[in-house]
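Labels A, B, C and D are assigned to the chains in the order they are written; within every chain, residues are numbered from 1.
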Amino acid sequence: MKRAILAALGLATSLAVPAAAEGIKVGLLLPFSGVYASLGNEIETGFNLGLEQFGAETGVTFEVVREDTEVKPPVALGKAKKLILQDQVDVMVGIVSSGVLGAVRDMVHGASVPLIVANAGNDEATGASCSPFITRMSFSNGQINRPMGTWMAEKGIKKVFTLAPDYAAGRQMIDAFTETFTAAGGEIVGQEFTPFQKTQDFGPYLAQAKASGADAVYVFYAGGEAISFVKQYDSFGLKAELPLYGSGFLTSPLYVNAQGEAAEGVITALHYAPTIDSEANGVFVAAFTEETGRAPSEFAVQGYDAARALIEATKTGANDRASLANALRQVSFDGPRGKLAIDPATNNIIQPVYVYETVAGEGGLTQKILAQLPAEADPVNGCEMAPVSN
Amino acid sequence: MFRHNTLRYVALILLAAGALFQAFTAEYFGLEILTEILILAMLVLALDIVAGFGGMVSLCHGALMGGGAYAYAIFTTKAGIAPPVAMAGAIALTGAAAWVIGAIGSRSHGIYFIMATLAFGQMAYSYVFETPIFGGDDGLGGISRLDLSFIGVDLNDSRSFALFCLAVLGTVYGTSVVILRSGLGRSLTGVMHNEQRMRALGLTVWRVKADVFGLSGMIAGLAGALAAQHIMYISPGLLSWTVSGEALVVVILGGLGTLVGPLIGAAAFVVLKHELSSVTTYWHLVVGVILIAVVMSRANGIFGWIEARWGDRLDRRLADATRKTEEVLTDA
Amino acid sequence: MLETRNLDKSFGAVHVTRNVSLKLERGERRVILGPNGAGKTTLFNQLVGELTPDSGSVHLAGEDVTALPVAKRARRGLSRSYQKNTLFDGLTVEENLGLAAAVHTGHATRLWSDSLSKPEVREIVGEVAEQVKLMPFLHAKVSEISYGVRRQLEVGVALATRPLVLLMDEPTSGVGPEMSKGFHDLLNNLPRDLTMLIIEHDMDLAFDVADTITVLNYGEVVFDGLPEKARGSSLLKEIYLGSWENA
Amino acid sequence: MAHDLGFWTLQALNALQLSMLLFLLSIGLTVIFGLMHFVNLAHGSLYALGAYFAASLAAVGGYWMGLFLAPVAVAGVGILLYSGLIKRMRKSGPMAQVLVTFGLIFVLLDLTRIFWGDLALAIEVPALLDGRLAFLGVEYPTYRVFIIALGLAIFGALAFVLGRTQIGAMIRAGVDNDAMAACLGINVERLFFIVFCVGCALAGLAGAVAAPLLSVTPDMGLQILIPTLIVIVIGGLGSLKGAIAGSLIYGFVQTFGAVLAPQLASVLIYALLAAVLVIKPVGLFPAKG
């Protein structure tokens, strides 16, 4: 298989290792158009901020080539090939959608180019189809939902109705929650998956949730769907009788103000909230706010930490594809999110998860942290990795 | 009925020369773009056959191509069928699907036909999007290319693959010309000009439409199977109606019903898209403005415009020259 | 050869065909006369299947074809021309005839060979072009020939399906009297075994070709018989010419 | 899951609410088609523009200002489009017009991105329409009741205008046969212009009404386009009756499909459309026979 891919890349004949220079060429592969354009911009802003902030700590300089994935896996794969073969980048950073990550996975693995994942959370990327070249600095779908099942059960919630868009990420998030929630004695009284990116009116599903006899509703939605969902949930008057919980993308700082009052009181769990009280986060929030005029989101911090991880890796002297891949796997630092490390078994990030409630603050909605749940490594999920040989 | 004139031959030779030059000199990304153009060219040829010569403006050709891509991917990765057989299967499948769509749509005309094809295309899109075996929104990967090592060609090499696609496109073009010049092709043109009369002459009109739509669907399916092999990864976006819309834009930009024009359109569109998207993320805006400008100019696309200006003149001069030569020869 | 039995058709309150029964023998040349709005073209449309009658039946060569669609009736030998030119405008005269001949010979749906290059198609095209005097125009496009020649082609296309029965809807419509005469000579020279039903507006011209005459008025057959009798019929003159003058 | 009557009432209201939103969009599109014989594919983009105008205006002068002025603003865009593009395309045939409006989709989509950015916007529901109403044994969001009422009111008003007024008679004559209408001394060009602007205003109104319910994103126009086209094709192009019937069919099939057969919900509506086209190729209630 690997031979075939290498051959397909034309690498078999031209396995030229990029000339080792003091500069490192970074391919930034993000959506700048399409439904996730705002996420791509947020990550890029964070990434550039990270380079600015920590760039002085390393001797190398970075040259960034950015490519637009348009959130289309085939387009993204074409762009990734271009970055690897034509631009000969040393490392790639980015990838928002899991579909795109799935598409480029074999490619980066086959070409032995290190990739720092700055968003896409599909569990397999650091599970069954993990790669020593793919290091994830964002999150995995299971990771951010698993602790919430236990936490909600401990809070005395017995019956939950779940809702999520019908695609791989939606199912993984809900499955992870369901697993720990039922293990802790909870019961799932109803589960619906709504057509992904085609559902604008959640009315029919909300009526089902209401009729299900649940104590609470647990959902995963993001972007435009999250805005519509939270507003419609509130307009049906469900928030009072049926508290709304979810993974934190539901009330991301990126668009929580579009949800307005409807988002107040929603309790969600995520690996980052801009109100985390730490020095590192203070610095990051201040820098980001100065740049954009608003609080950073989890996407921004993922870009920021991806840049930081890259710089940390170069500090070890890594300067080409293989050495960077090795160094990235051993990165650990204290960032805005708290203490971060890479799990050597899967290359996934290990990070704390924060449970927060969206509340009214001075300048709009803000996040009140209710609990910090300890960092846990994901299960290995069939990941087998050979070390990268230099 | 399709006719070649001098201008069309000249354009074809120039296009082929350009493609060959690119195929032998370009680097990796240039080859990728070339292959993208060649595959899009097959799709727009398929669309031009039905829209330009049969008046059937289809908004499901993207879905047909996507169907071919998915069929090939499923056959090879899930069912373990050998790539050549899988390709044939994918082509047969999309051909059959297109035949049914053509048969059902044969009673509808104009905007209703467009809407009917849109409905079928979107139906396929939704089905693929929501069926787990197709990988949903994430798509399918691990698609392998045809193995031509028995004739010493390694299609995993970008250059070989581009040349292979060029050869396939040449065959498709030749086949299209044969189809359009056949009895069926003539009848199709007759139906486009005057459906009522063709029926009164005893032609089973719906069969002609369905047959041609089926053939066109086979070409779209072939383009899809090649697209799947090219990218080696597919996602439901391939089946979206906007792909069909873009294909239609290419046909119109190039010149509806000229067969050569859409080829030029495909090349222009892909190059424009890549050049613009490297400059701005708002490249759709520019493409939209160009489309509006071309349509408003009332020319039949780029090639139609050239043909209207120089096509006849070129033919007349050539005819004059031939006559003179003949006169000289007979005198002597 | 062609027969209708009690054909009846209404559009809402308008009764366009009233209990029409006609019978054409093989080789018979019948002209249908009648004022504007008498239901002549509507009758044609029912004969070829473009309209479905409310009641009654159509028989072709002894078989009931009432339930058959247009194309199937045509393939059984029923061909028609239209009052308004219904040609393939972008194509040449030869291609127009060729399309019809290809349908008749079964080459119209063949995938790998050009129908126009087939000898049997070429033979029909040549014959028909001779019959309707189109030889000089074979390679001209429809848009390049005169109106009168187009009327000839209109009939030629219908003839090129080699029909048993040829229905012609005012073949001389819009052509001057001089040309009309030539047109009728042309019709008279067609093979004697071809059954023809012709709608004609001008009575005098009708007598040039007709073996028999049918007169329609308000969708009803008011006269059916030999031309000599029609010429003398005062009833006919009153109805036909009366409405003619009023029109 | 067994459900009580209240559940089904709630779902019926949801279906009705979706239908009314689609009706506001489809009526403009279908009458423009009936009169001018072309399908304005950019109709969805005008809906998105309506939502964006409403969001911007609401930020300045509150919800009601957005609701009333957004349709006016979109009608203004309609005037520009009509005099700049559509009018010149009158004689170019339907295909060219469809393509011009397809190009417009691209242009308008990127223009909204340039002016308003990629981030989703939102409008707050005004205090008057906030909260819920209790009736028929269920509690239903007031704003959704408002949408249903507004849709019905517009339907009533249009039925009156088309059926009982002189301009309505002119429009009906134009839909029936525009050459004839011109002969009768109707200024057809002027009629086209008015109908086009009103159609655009209704699309803008639909956008402004939908904005507080959904989120305002650049691709909302593209998302709504296909459902709107399905509505008018099922209903039959050019008729008010067709638009309302198509909207109701779509709303109910979509809503109850999601509840009763979630796996089939999205394929269901396309299958229905295909079935309609097979049985009645011109839709259920076409304007012309």
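Here is the rule we use: a residue touches a chain if its C-beta (ideal position, glycine included) is under 8 Å from a C-beta of that chain, and two chains touch if they have at least 3 such contacts.
Each chain and its UniProt protein: B = Amino acid/amide ABC transporter membrane protein 2, HAAT family; C = Amino acid/amide ABC transporter ATP-binding protein 1, HAAT family; D = Amino acid/amide ABC transporter membrane protein 1, HAAT family.
Since we're looking at a predicted model, the values are computed, not measured.
Visitor: Following contacts chain by chain, what is the lowest number of steps it takes to reach chain D starting at chain C?
Guide: The fewest touching-chain steps linking chain C to chain D number 2.
Visitor: Note down the smallest number of touching-chain steps it takes to go from chain A to chain D.
Guide: Steps on the shortest route: 1.
Visitor: What's the farthest chain from chain C if centres are computed as the mean of the Cα atoms?
Guide: A
Visitor: As a quick test, compute the distance in whole Å between the mean CA positions of chain A and chain B.
Guide: That pair's centroid distance is 39 Å.
Visitor: What is the distance in Å between the mean C-alpha positions of chain B and chain D?
Guide: A distance of 34 Å separates the two centres.
Visitor: Roughly how many whole angstrom separate the Cα centroids of chain A and chain C?
Guide: 75
Visitor: Would you give the residues of chain B that are in contact with at least 2 other chains, written as numbers and ranges?
Guide: Touching at least two other chains: 129-130, 282, 284.
Visitor: Out of chain A, which residues touch more than one other chain, so two or more?
Guide: 33, 37, 195
Visitor: Would you give the residues of chain C that are in contact with at least 2 other chains, written as numbers and ranges?
Guide: none
Visitor: Considering every pair of chains, which are in touch?
Guide: The complete list of chain pairs in contact reads A-B, A-D, B-C, B-D.
Visitor: Enumerate the contact residues on chain A facing chain D in the complex.
Guide: Those residues of chain A that touch chain D are 33, 35, 37-38, 41, 190, 192-195, 198, 200-201, 203-205, 207-208, 210-212, 223-225, 227-228, 231-232, 235-237, 254-255, 257-261.
Visitor: Can you list the chain D residues touching chain A in their complex?
Guide: Contacts found on chain D: 1, 3-4, 7, 10-11, 14, 17-18, 113, 117-122, 124-125, 131-132, 139, 141, 143-144, 212-215, 217, 219-220, 223, 255-256, 258-259, 262, 265-266.
Visitor: Would you tell me which residues of chain A are touching chain B in their complex?
Guide: Against chain B, chain A makes touches at 1, 4, 7-8, 10, 13, 32-33, 37, 68, 72-74, 77-78, 81-82, 85-86, 97-99, 102-103, 105-106, 122, 166-168, 195-197.
Visitor: So in the complex, the part of chain B that touches chain A is made up of which residues?
Guide: Residue list for chain B touching chain A: 27-29, 32, 36, 129-130, 136-139, 141-142, 144-145, 154, 156-159, 227, 231-235, 237-238, 277, 281-282, 284.
Visitor: Along chain D, where are the residues that touch chain B in the complex?
Guide: Interface residues on chain D, with respect to chain B: 33, 38-39, 85, 88-89, 92, 94-96, 98-100, 102-107, 109-111, 113-114, 222, 226, 229-230, 233, 237, 263, 266-267, 270-271, 273-274, 277-278, 281-283.
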